[in-house]
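Chain lettering (A, B, C and D) follows the sequence in which the chains are written, and residue indices restart at 1 in each chain.
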Amino acid sequence: MSISILDVKNLNVFFRTQRQRLHAVRGIDFKLHAGETLGIVGESGCGKSAMAKALVQLIPRHHADLSGEIWYGEKNLASYSERQMQTVRGKEIGMIFQDPMTSLNPTMRIGKQIVEGYLRHYPEVSPKSAWSYAIDMLHMVGIPNPEERMLDYPHTLSGGMRQRVMIAIALACKPKLILADEPTTALDVTIQAQILDLMKDIQTKTQTSIVLITHDLSVVAKCCDRVLVMYAGKVVESATVDQLFSNPQHPYTQRLLQAIPRLDKCKTDPLIPIEGTPPNLSLPLASCGFCARCPFAMRICKEQSPPLFHLGEEHLSACFKHDPRMAP
Amino acid sequence: MMEEQALFQPLDRASQLLVEESEVVAPISYWKDAWLRLRSNRSAMFGLITLTILLTLAIFAPLFSHHTYYETQLHLKNESPSATFWFGTDELGRDLFTRCWWGARISLFVGITASLIDLIIGVMFGAFAGFVGGRTEEWMMRIADILYTIPYLLVVILLMVVIGPGIFTIILALTLTGWINMARIVRSQILQLKQLDYVKAATALGASRSRILMYHLIPNAMGPIIVTVTLTIPSAIFAEAFLSFLGLGVQAPIASWGTMANDGLSAMRYYPWRLFFPATLISLTMLSFNLLGDGLRDAFDPRLRR
Amino acid sequence: MKWPVCASLSLMLMASSCQNGGPSSYRPTKQELRLNIHSEPPSLDLRKATDVTSVSVIRMCFEGLVSLDENGMAVPAIAERFEHSDDYTTFTFYLRDAKWSDGQPVTAHDFERTWKTMLLPTFPCEFASDLFILKNGEAAKLGRCSVEEVGVQAVDARTLVVKLDHSVPYFFSLTAVHAFFAVPEHIVSAHPDWADNSTEKFVGNGPFQMKEWRHHNFIEVQKNPHYWDQEKVRLERIFLTLIEDESTELTMFENAELDWAGSPMSTLPIDAMASLKKKQEVTTYPMSGVYYYVFNTKEFPFNNIHIRRAFSLCINRKAIIDNITQSEQVPAMAMIPPTIWKEERRYFQDHDLKEARREFDLGLEELNITLSQFPPITLSFNSASAHHKIAQAIQEQWQRTFGIRIRLENKEWKVFLDEMRHYKFQVARMGGIASFKDPTTFLDFYRYLSSSNNNSQWTNPRFTELLEQSEKIFDQQERTALLMEAEKILIDEMPIAPIYFYTGSYMKKPYVKGVYISDMCDVNFKMAYVETK
Amino acid sequence: MTKYLIKKAGILLASLFIISTLTFFLMHAIPGDPFVQDKAIPEEILKALHKHYGLDQPLYVQYAKYLKGLITWELGPSFKYQGRTVNQIISEGFPVSLVLGVEALFLAVCGGITLGAIASMKHQRWQDQMTMVIAVLGISVPSFIMASFMQYVLAMKLDLLPVARWGSFSQTIMPAISLAALPMAFIARLTRSNMVEVLQQDYIQTAKAKGLNSITILFKHVMRNALLPVVTYLGPLTAAVITGSFAIEKIFGIPGIGQWFVMSITNRDYTVIMGTTIFFSVLLLLCIFIVDLLYCLVDPRIKNPGNESF
């Protein structure tokens, strides 16, 4: 087993608003190995984005509380101050965001946006060589005429191109880890594929680890090595991609898979939507978060919160149906 | 063992629904939510309460006062605040307390009405110009520039001669050019906002232009609009005082906060209460309007909802 | 930046209690006076200047044929001696060997040309009518005859003969007024813009000469070495700031940045008067001027003499003076100020409410209306805080006494004047300052219905007759008796309600000496000096 | 670009023509005469004065004459301040107002943006509330009250600065502060309101993710986007501030141009009314034009006016 680059222990995120305290991420543990691509899936609002931002403390501190440990190598990022975090962000951990249309500063030239992060972390580099380095980066992410594009403003580029620029920005400082928060959601399907190919390609070149957050299982299937399925702030299933798709264990994962169209399944097989809504995250949750929507719900599901049950070496699932106490 | 087994009994459908209902929090309407958020904003509530008190006093205080705003008692001139005269008296021996609240009626009425008119005209004009763009915008903004440069005093003097002095003439005079600033700021916001995708999306969905303006553009320009409104209220109050100074404002013995502050200014070193009370009331009103305005903006801003 | 704003509210209450008047230890080291003249002089060309500000600078740089002494008597100035014919129509002035500040001699021709120029129909002189007492003066201005026919003639360089239209016993004192000064013709004819800036062309014959004039900023004058009486001039320099704000002026005075504050070049802020008087720093002197209200006698209800009398009698002049104007003004129960006629004249009692009510009822009866039919009265005044306060006080007094409604109309200055000129008012505030030291300066306002200052449209044949008669009488006492009868008629019929006679109040630093202020508003710095260390 | 500038100049000239026409006839429509004083002058002298200044001619003739003068920038003589031309009045007063205005503008922009930035960075915390209270006071305490108060405290009580007058730098401090207070407060509030919005934008998160520190983010990413409405406000503000203020110039005895806007009207000094109005219009229209240009520079998304096709 390879060394883990990221080890998250009991991560909790609370959002404070004037009326309530939202428990968005509820005690998550996971590990990320070097060079691995970890997919995190779940529906909107399940806390996956919050978790990703919490990893690099991009949640505004006066609006949110964070607890738990985030071990990045030897460093516990959870205990880092804002100033310390600034040395980690970009250089150690790069980020790619969901919407390339709004994630680039509209009033700054593209070149400048790439160069500024690089110069921040490598102040010894001359601006001139940083500039040519940025051109190389643009070239690497597949942007034609990079020299000219460097001087363009974001609004002149298409969405796919902008996402490539985002990737270039994220890669600029050669981070060991990239957090990609729904990088393809806002793009159309052909562009999605190109971007994913690009990311895979780059990963093999640079040996970067990637945490890929998405609600799209096809993206997971395409890129990831391992998957965490999140629901209501918790990890409900953790598995390798193969295990997940061939043998999903948690009822939520099963329903999730049923809810997406598959080309390899019979056309007559209907898509089954998941009924109901996820629980309110402002309330403490003593039960299984999914039990209200779960067709297999049992009494215990209403009364206790299920732990993760080990099903295999890399496969865990948080459902009482795996509970050894249950009568066969 | 039996108990444990019972835990693993499947739930029936009915109880499942029950769970569902108890889990779902009753939905809160947009307005109620805004109100709740406003209520929890301490500074906004301070503004709201202060304004309510000021308005109540403006309406009722003169009714309960033993003095009138016009009765002069020359032997009691420039008295400092006391039990009889809570705010002291002015240079003609009139009770400043009563005059302050009479002044509040005038000033608040002039200030708020003028700002509201500025707001409506300015926002409509600016938003329309910014949204339509092209030649129409160019023309509209030039017309605004021209209006802005015509010497304002000339127009006011003409109005006073033609319509005659009075509070509505003053409001008319104040709004004549007052809306232009608002129009400029709104236009610049709209220019920026109309580049955004959601506007394009709304257009693509076939939303009418007026709908896009009313529901998509103007609400998003609310920040600068509120800030500008909070500027126009005091400037209207003081513009009225300036007009009085030139003989074009409210006619004595009616007072407004602006005229009282103006009169009190020369007495600042000798009878400070004559400046202090009207000036403090003006500042307090402005502070309240501003705090409330900010609070309202935060309360209605969907992006700040969590 | 931040703290004055915050402090402004909290410190404001403290402000009154602590006053230390700035650095009081200041003592001048040079013969220099620092004054403020309230506003930019519109013109320093004495042929065009009309206002107090311009005139006070002009009087520093120019001198007339005669000047007035402390008692208002004519004493020699540029004219060494002077004489008049028995009928007071011909006056002869013998000029001394005086020089303009550029060293050129002051000649009788300068006076002749200056006066004639002012009477040219094309010359823009607003007070040309002051020169209409010269023979053919009015005719020349109207273009009915040539200016060369005007009754002023330089017999030689040092002799000036003046012929008047009618006899004017006080003509000598008139020549001390700037309208009868002269400009240096040798400069003026070559440089029409001689008076516009502080160039070397600004040449005068007075005790001081212009050094620098920065428009709207300051004026600096220095001693004129060519002045005929220059040994008596002790001041080396006068520095005049041009600040309009009275409070600023007072603050500068208290901060020892000025040596003088208040009249006659400016005024002291009314609100400061009580506190300044308490410290006994204010000097008050009487001025030849009267503050009064005009009734429009052509219009109902002020076409009725009793209504006018009632309104006038009702006014509490003393209370207004004590509480509002606060500068020891004299309640006016007559038209002519005590500076012109020392005799005590009270044609009625101040604040005579009983009589006022009686007259009011009489008036109602004559007009054949009841109290409830009495229309609301509009009282017009131009916007200035003092007028405003007086109007509010009088409004109260009238309303309370008669139970009628008085509306105040605060008007923009030029609009007010326009309405006065076209008689679009009921009662209005007015003020008159004597242009020369004679009762006719005021009585002439009402001489004819067409007199330009007769805003009330009042006329009385006996009054007119008396004034016309007085012109033919040279005996001072007899003339005074006639004019007093005229004054009594005026006050009895009350086309105006006199309120008070003006005074001027000023503060000066104790080291300032020798400044002489006439009751005609003229201030003379010729003999002024400062006590240096 | 040249074509664009020509077009803009044409619009400017047309606007000026409209403004001067409107002002001219408006000014003659209001009652009052330049030469009438409280001491009435005889009708015939008034007529002579009117003739001397050409006021006896029909209005359209006067207007045609005026336009002729305007083309050559000969704005005519002042009626009240005899011997001074409007050109002189402007050329003497404007430099003074300009110096004061630039000082005030500098204060207002720097102070306002700083305050606004602090407030937005500490949104809804005490620094925010504090800054906004200051800003509100700046808006609600009018400049003339502040001016008098500063005069009393700073000049008289503490003897730190001269009371009034014009000449040295220390004499410009109080007037500049009084002039700057209101625009500064307004800019602070505008900046805060916009920065709060910009700070929520995704690209700020991107910038943070690059590891930039907050100062860099503030200056390089937030400011430029947040200052657009401020730039809009700056156009008319600049024109207004560099042409002075009646109250401030009166209180501090400053020989600027601001008082002429009021004084010329109360004196019915027709040529000065026209002159100052047109001068202000030119300044304002230029400032607005410059702001429009700046606007396009600051926000590349808005069409470059030089290449506009419509």
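By definition in this document, contacts are C-beta pairs under 8 Å (C-beta built on N, C-alpha and C of every residue); 3 or more make two chains touch, one makes a residue touch a chain.
Note that the structure is predicted; figures quoted are calculated from it, not measured.
Fewest steps needed to get from subunit B to subunit D, stepping only to touching chains, is 1.
Of all chains in the assembly, those touching subunit A and also subunit B are D. One finds 49 Å separating the Cα centroids of subunit B and subunit C.
Look at where the CA atoms of subunit A average out and do the same for subunit D: the two points lie 53 Å apart. For this pair, subunit C with subunit D, the centres built from the Cα atoms lie 38 Å apart. Chain centres here are Cα averages; for subunit A and subunit C they lie 88 Å apart.
Under the contact definition stated at the top, the residues of subunit B that touch 2 or more other chains are 157, 161, 195, 246, 265, 268-269, 275, 279, 283. In subunit A, the residues touching two or more other chains are 155. Residues of subunit C found to touch two or more other chains are 12, 15, 247, 412-413, 415.
The list of touching chain pairs reads A-B, A-D, B-C, B-D, C-D.
Residue ranges on subunit D touching subunit C, taken from their complex, read 30-33, 35-45, 48-49, 51-53, 80-84, 88-89, 92-93, 107, 111, 134, 137-138, 141, 145-146, 148-157, 159, 162-167, 177, 180-181, 184, 250-253, 255-256, 259, 266-268. Of all residues in subunit C, only 9, 12-13, 15-16, 19, 246-247, 269-272, 274-275, 319-320, 322-324, 382-383, 385, 388-389, 391-393, 395-396, 407-413, 415-416 touch subunit B in the complex they form.
Subunit B makes touch with subunit A in their complex at residues 4-11, 16, 19-20, 23-25, 36-37, 40-41, 195, 197, 306. For subunit B in complex with subunit C, the residues that touch the partner chain are 70-72, 74-75, 77-78, 91-93, 157, 160-161, 165, 244-249, 251-253, 263, 265-273, 275-276, 279-280, 283. Across the complex, subunit D is touched by residues 1-2, 4-8, 11-12, 15, 18, 20, 22-23, 40, 42-43, 45, 48, 50, 121-129, 141-142, 193, 195-196, 214-218, 241-245, 247-248, 251-252, 254-255, 257, 412-415, 417-419, 421, 430-433, 435, 452-453, 455 of subunit C.
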